[in-house]
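Each of the two complexes below includes chain A, the first together with chain B, the second together with chain C.
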Partner chain A sequence: MELVKGLFKIPSFLFGLALFLGTLGLAFFGPLLWHIDVVSRVGDPYMAPGAGHWLGTDHLGVDMVSMLITGLRASLYVGFLAGVVATVVGTLIGVYGGYKGGLLDDILTVATNLFLVIPTLIVLILLSSSMEKGRSLTLIALIIGCTTWTWSARAVRAQSASLRARDHVALARINGYSTIEIVLEQILPYLLSYVFMVFILQTATAILTEATISMLGLGPYDSISLGKILNDARTNEALIGGKWWAFIPAMVLVTVIAFSLYVINTAMEGVFNPRLRK
Partner chain B sequence: MARRPFATAIIALACVAAPLLGCRKHKTPGPASSSGGANPAITTAFPRNETLYVGGRQWGEPSSFNPLAGWQDWPVNDMNLIYETLLMYDPLAGKLVPLLGESYTVTDDSVDVAINAAAKWSDGQPLTADDVKYTFDLGKQFKSLLMSPLWTGGYITDVKLGEPRHVVFVLDSKKKNALPVLDACVEIRIVPKHVIEPMLKAANNNIDDFLKQKFDKDPIGSGPYKLLAYSGEKIVTVRDDNYWGNKVFFGGKLPAPKYVTHPIYKSNENFSVGLMQGNVDVSSSFMPRIQEKKVVKAWYDKEPYFVPTSIPMLWPEILHAPLDDVHLRRAMAFAINYKDIRDLAVSGYSDPLESGLVLPTGLEQKFFSADDAKQYGASRYDLDAAKAELKAGGYTAVFKDGELVETHDKAGKKLPTLYIKSPSGWTDWESIVRIVVKGMRAAGIDVRERFIEANVFWGDLYSGNFDLIMFTPTPQPEPSKPWSRFDYVLNSSEWAPQGEKRYKNMGRFNNPKAPGYVARIDELLDQIPRIKDEAELIKAYRELNVLYMKNQPTIPLVYRPNQFYEFTEQHWKGFPTAANPYLPPQMPGERLGTRILWHLTPVGGS
Partner chain C sequence: MTEHLKFEATHISRVFGHGKKAVTAVDDVSFAIKDREIISLVGQSGCGKTVLAKMLLRLEQPTRGELLFNGKPITATGDPRNHWRQVQAVFQDPFSCFNQFFTIRNQLKASFRLFEKKPSPAEIEERVDQALLAVNIKPREIDGKFPFELSGGQMQRMLLARIFILKPQVLIADEPTSMVDACSRASILDYLMKLKEELSMTIVFVTHDIGLAYYVSDSIYIMHKGKIVEQGPPDDVTQRPQSDVTKRLLEDIPDVHREWIPREAAVAAAR
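Now for the complex of A and B:
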């Protein structure tokens, strides 16, 4: 608790948190404050910002604020889902392998390293372009999660291995606790702050990855995400025409989410990592 | 320990830098260059005032300049730069213009083309009627070639040498349809017999082996330009100062640009930027909102900016229930917001859509009847009419919170979601499909968009593997319009079941063996080419168009030019426009637009 309290004294953490809560607030409360309509045409294509439509319209004449709020929700959804998948899979494999050691650990490490050298983006592109039935937002989140868990596994494994030799773990073992019990009750709690930081980073990465593949035109077919807004702006030549409202706000949003998460992560590391603690 | 990564980094850097530094010393690309061709020439500088940059016809590394290949790269496909057609078609005047063919006569039994005596190949050999006969006879022998539909479609029975320098296409005695022959005269490029025949022989008359020949090293053609060099970045052609047509058509004048070059870009926006920056002089790529780009001009200086020649449309696969139901197809047509398509997807580059398969403007206008369209047509946005059609077909839609959940048929069974296929990355079509889906779902029809890779798209299109698919039938400006458009959409004489490839009527409408076959459609398609009297012709087209509207086998969406035509006068001037329509809006080098090359002048003198 002391540590958590300490966190709230760090200005950079508060700054990051405020930024992030701001975007969350926009995503959740935006629809209450703004009439969201991403279907109807409300004006000409790429109508400039003005009263009624604060950020103008997109290439199909749809209100840009509605698009951004909807896209933000989709991007956060992808981020959290992929972050959860990557963190859970990575943590379980990492903690288990790190604690167990031996042959099992070797096999898991080899598998992790194998996955690590597979270029994620290429796998994503191949997978997304081969999905004949169409790519849903959830599917894209799962693909991202399933390809980025590796480095959480590696990081967690190292931590877990260092905990293995602790006295309380040895005690639990003598008392006849099963491996799963030890991993879940004796090791994982010590790693929670670390896992949480991993989760934050994974979320930020997933949001950026989704934006990247959507920007390349391989985004979800069934929803609007920030990356898709950027892709639409690119393919419909908003950049050439100087229609800044078609891409700058989406870019800013992606940047702000990722940036705030990174700031939070860095601040937390300063508190939770004893070597960095002031 | 701290030093090691540093040392490694230096070594790594050195490894990376070495080839880079090495490269700088050798200016000419090494043997590793994959493009082949006459590469050294491409590194020489091309003076801007002697080089015309064209765009929009080449999107990837060239693979074949073979004039007989099914798909050729610029400057062969649709172009008269290296190889030439017998005639050219002026889509503004509706007239055929001589090229290799000096004149032509159409009778009930034949089309007779006189070959220009001055025509010769770039190696000095004369271009004769024998070359022409040889070219068309190839289509009889090999069924995969571009000219073979003349034979396989049963339009001609023979190509004969008539009087000296005359070629006679003998028409099928029952069909007596000269239109496909005239189309072939403006589409098929004549190849040199003295070059092709030995090559075919060397390939043991195996056409597939022959078609692997790229024709990328000094190919022999009859046109005003020669292939100079190509790479993954551009294709360069150079003027042939000995071109036979200079004297025949232009009093000895040479085309203005010494080089015509096509830079290879991957997407529309690259060509748009090229045009705006003056790196591309004229392009046929799609450019949204042209009115905002001050330096870029089009045919008209206001909407619709371009001359429509074609109708992109949705093709339902008629064999897929429930798409066999005309009520559903008509409901779909009524559910689409055509104005949104025009304003949003194609930047206003279209006249308002009318029902039917006849263009309501230009040469086809005389066949269009506004009364028929009003009475029978469904190509207008009318949600009430869409719902009435759905009700008539017994369909009910289930909505939840204003969103369509599913559609039920008259038996109360849930209909499967119908998917509209369109190539991914074709931005104007993607926008069209989005608007279509929006409208149909609002009307209560469960459809979704499905954007697929372009190579998958063509396979699916011809084999009928789709619910609905986007496609433009015969967009080329040809003497056979609008008959060929009707024929392409409605012809069921070679009807084939789904799975078998079909290059017309891909929706497999009007199966002659199925109940409900409309024999009158095939009758009219057969009769129209023989009708001479204009009043009778108009009557026949109107009847056919009404049958089309009543059956709605496809769903027209918007009007579009065959090729867009955008140019900038930063480096060259003299492009034809609506105000100065001395030639049609075609790319310099393409079809009749080839002649633009003789009318251009470099800006600021040469």
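Now for the complex of A and C:
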């Protein structure tokens, strides 16, 4: 608890948290404050921001604020889902390998490193473009989660390996705990703060990755995401035409989410890993 | 005579790693530990005494050689829990011995996992209380407490309370007194003796303190670089040391303790 209290005294953590909660608030409460309509044309294409449509309209004449709030919700959904998948898969593999050690650990480490050197983006692009139909937001999130778990695995493995030599683990063994029980009860709780930090990082990475592939035109078919708004702007000549409201706000939102998560992560690392504190 | 031997080791070694990085922690060691004997494994840090203790506990397997427990290979029973029902341990660092996320009481209750027939919840509570009383702790005193809320001496007694619950035949005590104050040390030694008397246990006492080993053991094994360099009754080892390692260990004892009180007198005085 002391650590958590300490966390709330760090300005950068509070700043990151405020930014992140702000974007979350926009995603959750936006639809209550703003009439969301992403299917009807409310005006001419690329109407400049003004009264009624604060951020103008897109290439089809759809209200930009509606698009952004919907896109933000989609991006956060992808981020959390992919973050959870990557963290759970990576943590289990990392903790298990680190605890077991020996040949099994070697095999898992080699597998992790193999996944690590496979360029995630290229795999994602290949997978996405091979699935013309049925490329849903959830599927994209799962693909991102399943290709980025290596970071969690590596981060957690080292911690787990250092815990396995502790006496309380030896005591659990001679109490008859099974390996799985030891991993879940004796090792994982000690890593929770660490796993949480990894989760934040994985979420930020997933949001950025989704934005990247959506911008390349390989995003979900069934929903609007921030990356998809960027792609629409790109393919419909918003950049050349100087229609800044079609892409700048979406860019800012993606940046703000990722930035706030990175700031939170860095502040937490400083608290949970005292050696980094100055 | 084999039936009176608890442990019998013939040329056991434990090597960690392989190739150039191989480290031999225990090197070709043979010994026999009789039933109800107190053995002290004495040596400096890194001499292999803890690894040897872990092999007796079946937490490490010998790389070479044969280790018998009650006349059978230690791995003869497939389920290691059978071994841990009979051979238990207390460890050196009382603070790192318990999981900081669970209450002490719950962790003591976890010992009942080893029982072939698990007692009823009410009986478990009852037996935990009895074990706590056996180590002079009022059961209510630790209710809802987490490991970090107790002192080192109390924690070490929690480890001993576990042993009162499990009632094993053999206790491996890995430096149980090295991290507590002098006062707790005396009481922990008392509890060890009490355990031996009550449960007629065999005790393997791992320590770097040859002075302590002298007072508690029936036999002392001196270890150095993975080998047992000298073994024998405490009087022989301390009065007529044969090996240089033993002589050095004896040299290291502070002068105030240099005068050896006859063991019978010391034990009587301690009572």
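We take it that the second predicted complex is superposed on the first by the 274 of 278 C-alpha atoms of A that agree within 3 Å, B and C clash if a C-alpha of one lies under 4 Å from a C-alpha of the other, contacts with A are read in each partner's own complex, and residues count from 1 in each chain.
Note that in this section a contact is a pair of C-beta atoms (placed from the backbone, for glycine too) under 8 Å apart; a residue touches a chain by one contact, two chains touch by 3 or more.
Only a predicted model underlies this, so the values are computations on that prediction, with no experimental measurement involved.
Colleague: With the two structures overlaid on chain A, would chain B and chain C clash, or do they fit side by side?
Modeller: fit
Colleague: Does chain B (first) or chain C (second) touch A:G241, or do both, or does neither?
Modeller: A:G241 contacts chain B only, not chain C.
Colleague: Let me test your reading of the model: by the given contact rule, A:P119 touches which partner, first (chain B), second (chain C), both or neither?
Modeller: Touch status of A:P119: no partner.
Colleague: Check whether A:G52 is in contact with chain B, with chain C, with both or with neither, and answer first, second, both or neither.
Modeller: Neither partner.
Colleague: So, A:G176: does it touch chain B (first), chain C (second), both, or neither?
Modeller: second
Colleague: On the superposed three-chain arrangement, identify whether chain B or chain C touches more chain A residues.
Modeller: It is B that touches the greater number of chain A residues.
Colleague: In the overlay, answer first, second, both or neither for which of chain B and chain C A:E185 touches.
Modeller: In the superposed model, A:E185 contacts chain C only, not chain B.
Colleague: Quick one: is A:P11 in contact with chain B, with chain C, with both, or with neither? Answer first, second, both or neither.
Modeller: In the superposition, A:P11 touches no partner, neither chain B nor chain C.
Colleague: Per the contact definition in the header, classify A:V39: touching chain B only (first), chain C only (second), both, or neither.
Modeller: A:V39 contacts chain B only, not chain C.
Colleague: Quick check for you: in the superposed arrangement, does A:D167 touch first (chain B), second (chain C), both or neither?
Modeller: After superposing on A, A:D167 lies in contact with chain C but is clear of chain B.
Colleague: With the two structures placed on a shared chain A, what shortest C-alpha distance in Å links chain B and chain C?
Modeller: For chain B and chain C in the superposition, the minimum C-alpha gap reads 20 Å.
Colleague: State which residues of chain A lie in both footprints, the one left by chain B and the one left by chain C.
Modeller: In chain A, no position sits in both the chain B and chain C interfaces.
Colleague: Which stretch or stretches of chain A touch chain C in the complex?
Modeller: So the residues of chain A in touch with chain C come to 166-168, 170-177, 185-186, 189-190.
Colleague: Within their complex, state which residues of chain A touch chain B.
Modeller: 39, 41, 44-46, 59-61, 129, 132, 134, 217, 221, 234-237, 239-241
Colleague: Under the definition above, what is the set of chain B residues touching chain A in their complex?
Modeller: 267-269, 272-273, 276, 287-289, 292-293, 340, 343-345, 347, 424-425, 427, 430-431, 434-435, 438, 448-453
Colleague: Can you check the complex and tell me which residues of chain C touch chain A?
Modeller: Of all residues in chain C, those touching chain A are 54, 57, 59, 81, 84, 88-89, 91-93, 96-102, 110-111, 113-114.
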